[in-house]
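What follows is a single structure, written as structure tokens, with notes after it.
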Amino acid sequence: MNNSERYQRGLRTLFALDEIGGQQFLERLESIVPDFVDRVVEFPFGDVLSRSGLDLKTRELITVAALTAMGTAPAQLRWHIRSAVNTGCARAELIEAMIQMAVYAGFPAALNGLYAAKEVFDEMDAGAEQTVKA
Amino acid sequence: MNNSERYQRGLRTLFALDEIGGQQFLERLESIVPDFVDRVVEFPFGDVLSRSGLDLKTRELITVAALTAMGTAPAQLRWHIRSAVNTGCARAELIEAMIQMAVYAGFPAALNGLYAAKEVFDEMDAGAEQTVKA
Amino acid sequence: MNNSERYQRGLRTLFALDEIGGQQFLERLESIVPDFVDRVVEFPFGDVLSRSGLDLKTRELITVAALTAMGTAPAQLRWHIRSAVNTGCARAELIEAMIQMAVYAGFPAALNGLYAAKEVFDEMDAGAEQTVKA
Amino acid sequence: MNNSERYQRGLRTLFALDEIGGQQFLERLESIVPDFVDRVVEFPFGDVLSRSGLDLKTRELITVAALTAMGTAPAQLRWHIRSAVNTGCARAELIEAMIQMAVYAGFPAALNGLYAAKEVFDEMDAGAEQTVKA
Amino acid sequence: MNNSERYQRGLRTLFALDEIGGQQFLERLESIVPDFVDRVVEFPFGDVLSRSGLDLKTRELITVAALTAMGTAPAQLRWHIRSAVNTGCARAELIEAMIQMAVYAGFPAALNGLYAAKEVFDEMDAGAEQTVKA
Amino acid sequence: MNNSERYQRGLRTLFALDEIGGQQFLERLESIVPDFVDRVVEFPFGDVLSRSGLDLKTRELITVAALTAMGTAPAQLRWHIRSAVNTGCARAELIEAMIQMAVYAGFPAALNGLYAAKEVFDEMDAGAEQTVKA
């Protein structure tokens, strides 16, 4: 059991994004890189996303924008669309971010972001858990 | 003179981002693609960035995050760092967005974002205009 | 009903690329971003692809080359392979473009382009409609 | 039959990476670009991967790292993970390379690499052949 | 002296793109990877760009489009803009390709392509040789 | 003064890559993100690059390959070419990695890697310190 402050803070932030999805994420990592799981909790979630200066909702919005623009991580994009909603981002704000990426990363990137958002929103409306592990 | 609503709205949004830099941008485009300049004012600035649903400051923040993550447009990244400040984004918020990109796009992308931010902030402190045309 | 010249021109160009696929594309967008659909018809199709200076066949060829090189939009790549054929591009020309991308974007990008082309051509030979929505 | 030294050397190198997968790869290419198959054997496999200066195991390790970082060729990444193991790369070394890519290309890229490695290793443990053609 | 057909064909194609620039390119490579220079002449220029099926002008146009969209090789983009003109591509066609990339890769990529085209055209008008080695 | 084991281990690894360059890197970061510098020492250098399973020389080689393939971080690529040499990588091995990236990421990426290597090697031969801060 890792009781370090960084780990505990990371865990709280991860679960604030998506508690069930976060638990599944850690279990999946545990089966592949057991000695690196704690580092994943500590650095991205404990050291970075937990920083003050931007609230978690805004942090998720910029992650969604960046992943949409990059276009290389569709599973992670879906995970963060759900996390963005979970942390208070309005669906309409996410749609706006997707549309805006047409300007900076092109229409294919923006369209793929919009389609992903639609699928995640539909899934959430159906009361379903995250189906894409990321 | 283009008096269409879309063009006029685009021009207002462009100049809200950076009036002097926006003017230089249009002049540069005019010398290369004179029959496309109005489309550039209309679509990205008039049709997209002018949409309600996200305020201009948040729009600039997600553009800065996306361009930092992509890493392929350093001049435009600098332009939008300045525009983000011009539209009310705190410098500290931009720094947070850069740091966060280390998680999603890697440290080199984040570092180049941080170095760009430092240079733009120093330039602004010195009272200087945008030196990178974008 | 949008009767603007830009919208009508965009619609004609979109349908010249793929009439059934284009209709499905607009319906899909309508269900996600109803207030942005007209902009998608107007800007990419009405303002850009409808420009003179390059014929539509050549425009589709360079889009196919670019999407193959980028490697981030496989659904849109398939859509444009079909559109390229629809606008007069010989299958052999598309294959040449894919091969050439091995030089500029690497073999994995080129191979994925070639596999996509094979699948689209087989689908067209079977008289089937576009199966990938993009 | 191509008896050139370059072709024969390329074939040996390709089959050293994955004999069954390599054969399937050539058959797939033969059905799409019959007049380019020999060039694919000759250049990447005969001219580049067969060079001295780095052993084949190290070559596969850097290819796996690069494809993980790029994130645009998931099928080819899986193919090369298997080839890396076939040429003597320890599974643990591949996992290390994936983890390291979190630093240089971000966590989503690294996670997708780790998930791909897990799937390929499980497939190999089940005695199965390559299921992803690349 | 390499008298192989592939090498000689590659050299002719390279020099058709840009004779002085091509010579400088080979000299630069000679100083870094002397035992790989012939492979660079043979594969991209002798095996790929020399293929029939697309004329050299069209090949340069799609390379320019792809490099503009990728945004990661500004020096090579400039080299190929000049080569495209040298092989018969109208300046206006190159400008059209750049504009079109705004749709598929975003405005920053397209703008950087347009700026590069302007600089290369100005350089050619001044009677100057390629200043960027690529 | 941060006396944590992770920080101290990170510092040793950073200085093993490049002592003077590493010191400059920390000073530069200190001037921009003083409260994040320790995290940069701890995570990439202390948690990742210090892991056993791959020696530091091999780690630098795969980083150089990945950055060459990505093409988005030229300053960091140069920094790691020098670090690779500092940790025991033969120059010829780095050149081989660059050549190999032509296959997986295209010739422009490989050429830019080769040119960067040449410049770093020349700089080292002249007894000069790192000139590119990264």
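Residue numbering begins at 1 within each chain, and the chains themselves are lettered A, B, C, D, E and F in the order written.
Everything below uses one rule, namely that a contact is a pair of C-beta atoms (placed from the backbone, for glycine too) under 8 Å apart; a residue touches a chain by one contact, two chains touch by 3 or more.
This structure is a prediction, so every number in the text was calculated from the model and none was measured.
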Using the stated contact rule, I'd like to know whether C-F or B-C comes out ahead in C-beta pair count. C-F
Please state whether the interface between subunit C and subunit D is built from the same residues or different ones, using more than half shared residue numbers as the mark of same. different
Could you state the distance in Å from the CA-based centre of subunit A to that of subunit C? 30
So, what's the distance in Å between the C-alpha centres of subunit E and subunit C? 25
Rounded to the nearest Å, the gap separating the Cα centres of subunit B and subunit D is 40
Shared-interface residues of subunit D (touching two or more other chains) are 43-44, 48, 67, 69-70, 72, 76, 95, 99, 101-105, 107-109
Partner subunit F, residues of subunit E touching it in the complex: 28-29, 31-33, 36, 40, 44, 67, 70, 72-73, 75-76, 133-134
Please name which positions on subunit B make contact with subunit C in the complex. 39, 43, 47-48
Note: in the complex, subunit A contacts subunit E through residues 69, 101-109
Residue numbers of subunit F touching subunit E in their complex, please. 70-72, 95, 99, 107-109, 111-112, 114-115, 117-118
In the complex, go through subunit C and note every residue touching subunit E. 43-44, 48-49, 51, 53-54, 58-59, 61-63, 65-70, 76, 92-93, 95-97, 99-105
